[in-house]
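Common to both upcoming complexes is subunit A, partnered first by subunit B, then by subunit C.
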Partner chain A sequence: MKIVKIREDNCIFCHLCEVACIVEHSQSKDIIKAFKREERPIARCTVEFNYPVSLSVMCRHCDDAPCIEACQNGSMHRDERGYVVVNPETCVGCWMCIMACPYGVIKRDTRREKWGLSTKCDLCPDRVIPACVEACPNEALTFEEL
Partner chain B sequence: MKIVIVGNSVAAVNAIEAIREKDKISSITVVSDENYRAYSHPLLPSLVVGEVSRSEERFYYRRSGFYENNKVNTVLGKRVVKLDLEGKTVELDNGERLEYDKLLLACGGKPIKPPMEGLDLEGVHTLTNIKSADKLRKDLKNISHCVVVGGGLIGSKVAEKLAKKGIKVTLVELARRVLFPVLDDTGADYIHRELKGLGVTLMLNDSVSALDGDGRVGQVILKSGKKIDADGVVVAVGVAPNIDLAKDANLDVDRGIVVNDFMQTSNENVYAAGDVAQAYDIVMGLKRPIPILPLAARQGRVAALNMLGMDVKYKGGFPMNSMTIGKTSFISAGIVDSEELEVLSIQKGDEYRKFLVDEDNRLKGMILINNIEKAGMFNWMIQNRFDVSWIKDTFLNSDFGWKYFNKAFRVLRLDRKIK
Partner chain C sequence: MKWMKNLKTYVPPSFVVERDDYRCIRCKACVEQCSFDATFYDEEEDRVWTWNANCVGCNRCAAICPTDAITVRRADPTYRYNHNWNGHVDGLKKRAIFGGTPVVSMGNDKPYPIYWDHMLLNASQVTNPSIDPLREPMELKTFLGRKPDSISVSDDGLKTKLAPQLELDIPIMFAAMSYGALSYNVIEALGRAAKEMGTYYNSGEGGLNKDHYKFKGNIIVQVASGRFGVHKDYLDVGSAIEIKIGQGAKPGIGGHLPGEKVSETISETRMMPKGSDALSPAPHHDVYSIEDLRQLIYALKEATEYKKPIAVKIACVHNVAAIASGIARAGADIIVLDGFKGGTGASPQVIRDNIGLPIEVSLAVVDERLRQEGIRQYVSIVASGGIRNSMDVVKAIALGADAVYIGTAALVAIGCTMCQQCHTGKCAWGIATQDPHLSKRVNPDIASKRLINLLEVWALEIKETMGAMGINSIESLRGNRLNLRGVGLNEKELEILGILPAGE
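Presenting the complex of A and B:
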């Protein structure tokens, strides 16, 4: 199964992966609208920087995903493609997936009225190549079999 | 093969899924005294105040159709009254018998009844299953002042929910802080502030000696002699493993049903998993029941795979909890308070971080308040007895992350080369 491979030596801390991720997960998938008009999605990847290290980190889509085991109501599940995704219809924001994630790559969206929403990389179900990989100018993120 | 599972919650459901990944043929029968499909226990306080209803899919542990899709026979609303280990059958309360080749006991826990008078009065509730939640929900209209007995996970959560609903709430806790095993004093103070902010009256270092009333509870009398007028009580002093069945069948039991590394009980055809099982605690270095959802799921899977004859070890677990009260979210794990361990902690504004490290430089526990996103990375270190000597200095940084790790290790981990 292909996932996003992180090649930190090539990362130049440009944050374009985050921009692409935000656009891809926005309502309109339009960069201006996503950043200026609509409620801005949370980037599923995170660029970390600690000179000279920089890298973008996102879900590793574990085979034995601990987040799925920790989920209290089956919201965190494996989709038809085999990737680990959240069902926003049922997620209640208990953050047990965050507690379990060994990579620390699940984020909290607390902007919904009633329930929080666990937010993580879904490996872009509408695309062939994930948005972050396509946006990376430097092949610091590549889409391949690990 | 015939597989019978007693219980129908997290451990049972994960066992079913693990069995069906490997084996489409064996028959699986699930027996539970609750007449519902598996649901989310942590949502019970929300069910009480009507934030979630039983008609919503989010209340359930798996989507509808789960049992049909996995070809599971369900025997719901029936209680198992006896295990016959010789004849390999279980007896139900209607006299029916079910034969098994492998049996999984995943029958969870029951609320502990504290020694006090008046528990049978009207208006006195517990909150561990749908039935008790429904009873409390229907009684809410009669409750203007509710005393919650016990400031654990259920007690604190139900106090918060009832207070938000506009009910006057008094929370009585025996210890000097709420969430005693889960937070330290500093951490618990965040929760104390949230609860007080919602109007909850906290009575710490005190306990209930009697409930008084004529038919319905009217007064709660505390050990300290204080008397509280109340027309509702929620008793939430903890749950104890349901070990009676196993005990009557002469299986090895201690506080829970004792299991080996393969989740097997003292009878080779009987396995136990979830809140009822007494499995290995990797932090304390002993076997004890740890009634938390992620471990029930893992144990259910491991038990199921071993029932199918695979050789899968349960690597042990440790307590971990994630909770939000008011605007404060926290995740804690392992040992949260200790005189012997090295303590690293920092408090800045809303955020609190605390880590406990032993003399071998192994992380033994942690508390994260309001900046919780990296909690799982620390739990991974606890689980894998990771040597933190070279990285623990960075634990207190709010921006803790992969960038602080040694490069070779980071690359291997992120490439999923080290589990």
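Presenting the complex of A and C:
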């Protein structure tokens, strides 16, 4: 199973992984429209910074994922690829996954009408290489076998 | 208010940053990447803003912008046209306002003649065959060091004892650029590329970080007037030792690494207190004559048991041929000639822009003088300072060089845009900086791959050109000035370069 490896020695704090993530999860997948016309999705990765360290953090797709344990209705589940994803149809926004996540990489999207939605890295099911990895200009994110 | 223009310190900006507001998505990548405080984001106004006066034209923002919203262009001169004065107004103002001589970096940027572009190469047609390097073997291997007057061979092999030689798979080496001037990652990339390509990189005058001892076999270590980081292990790890007398960008003056750049690791490598300025004296204080130089050369040879060739690097100045002759007679194995277009990490502008000689001319006169004196075989000549492409390498070798050094070209290969801000230590491309966050911008994996690509492509281009000339070994091209013809040069220039005019 391939995952995104984080190499903090190479991270240059440009945030392009976040930009690419937003574009990939937008309706149009067009960078201008995603940022200026449509409702902007939440970036699934976050670039952390504490001089001189910076690194992009996103879901580690843990083997013993505490978020799956914590989810009360099975919305947080492992898909056929082996990655941890959330089913947006059934998620009720109880945020237990956020409480359980040891990396703090699950975010709240509160823009739904009825209930909120857990938002996290889905490792771009429509792509061979995740958008953040492809966008990183310095190979601080690489998509490799575990 | 973060910044406001003030007439008291006003010098017109050199660059204007234009931002297409439709394309700008306010991702702030440019804001984070600008290390010169030229770009800001204003939360209230939701606007990305540029202080043009701070912009150095490094183009980092334009390169990183994911929507191509940014164009950096040179600011048009706003003064009334005056051929004599326009180029000097800003320099005058800077001196008057700040009370200091401007320090600059990289090489001479003034429009002096470029002789490389006035020389054309030959090719075979009908009367002799050209060679296809993709089908036939082609030799670029080069040996640097003292060659014997004659050799004797027996059935057991070579009987003559040869002086120590540097073996290069490709006649291109990475010039002396110190750890201190360049970031750790860049040195790492240069070392890896040199190792991979079977060539050498030069440690520069700043000593060698312990981590880089692993490149043993591909390092030339430098001994400069400051003697920073020179000790037994350092000399042992080098395949050759280079005595730096002068540097093309600043002949006659020493080096200056500002105290801000002397970090913990730099201070350890250079063996000097952290945070103090690293000042290299202008001369070596034990070398005031050719005889003194001979003493230093032999002191280093003694220290390394006569196992390593000793190179002497000089800046090209008016009597370069006579000086080179003296160096050859002083016992050097390699002479490095550094032309006035060579780069630097910091130099006073007046020195960089007005002192020295072109490498093309110096190389021609040095090679000619040593031949006339019958001592050419005692030294190898390495040309450096303004080698921009593979054809410059071919022309340099045809003029008499044994190999070349590339410095600026290597840095450009790993990202440098030649914004000439190396002396500030804020390099936005992470090359000429010691800032631990900025220097991450060079990933040694990517950078070394790029350097290897560059050298491989240049090697192929050199082979192609040699093939066209019907030459299958770089040895046959060396000093082969009949393969050069001058265009647009006067009779005296042709005479000095030792080449025929086109058509003759």
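Going forward, the second predicted complex is superposed on the first by the 146 of 146 C-alpha atoms of A that agree within 3 Å, B and C clash if a C-alpha of one lies under 4 Å from a C-alpha of the other, contacts with A are read in each partner's own complex, and residues count from 1 in each chain.
One rule holds for everything that comes next: a residue touches a chain if its C-beta (ideal position, glycine included) is under 8 Å from a C-beta of that chain, and two chains touch if they have at least 3 such contacts.
Everything numeric here is computed off the predicted structure, so don't read it as measured data.
Asks: Is A:Lys107 in contact with subunit B, with subunit C, with both, or with neither (first, second, both, neither)?
Replies: first
Asks: Examine A:Val128 and indicate which partner it touches, taking first as subunit B and second as subunit C; both and neither are also allowed.
Replies: Once the two structures are laid over each other on A, A:Val128 reaches no partner at all.
Asks: Touching A:Leu55 in the superposition: subunit B (first), subunit C (second), both, neither?
Replies: In the superposition, A:Leu55 touches subunit B alone.
Asks: With both structures superposed, pick whichever of subunit B and subunit C touches the larger number of subunit A residues.
Replies: With both complexes superposed on chain A, more residues of subunit A are touched by B.
Asks: A:Phe13 contacts which: subunit B (first), subunit C (second), both, neither?
Replies: second
Asks: Using the superposition on chain A described above, determine whether A:Met99 touches subunit B (first), subunit C (second), both, or neither.
Replies: A:Met99 contacts subunit B only, not subunit C.
Asks: Which holds for A:Phe35: it touches subunit B only (first), subunit C only (second), both, or neither?
Replies: second
Asks: For subunit A, what residues appear in both contact lists, the one with subunit B and the one with subunit C?
Replies: Correct list for subunit A: 54.
Asks: Quick check on the complex: what are the subunit C residues that touch subunit A?
Replies: 22-23, 25-29, 32-33, 64, 66-67, 430, 435-437, 440-441, 443, 445-446
Asks: Note which residues of subunit A are touching subunit C in the complex, please.
Replies: So the residues of subunit A in touch with subunit C come to 9-16, 18-20, 31-32, 35-36, 51-52, 54, 135, 137-140.
Asks: Any idea which subunit B residues touch subunit A in the complex?
Replies: Result: residues 14, 39-43, 46, 51-52, 57-63, 293-294, 297-298, 301, 320-324, 329, 331, 333, 372-377, 379-380, 399, 401-404, 407, 410-411, 413-416 of subunit B touch subunit A.
Asks: Would you mind writing out the residues of subunit A in touch with subunit B in their complex?
Replies: Contact set of subunit A toward subunit B: 5-6, 8, 46, 48-50, 53-55, 57, 60, 62, 66-67, 69-70, 72-75, 89-96, 98-104, 106-108, 114-116, 146.
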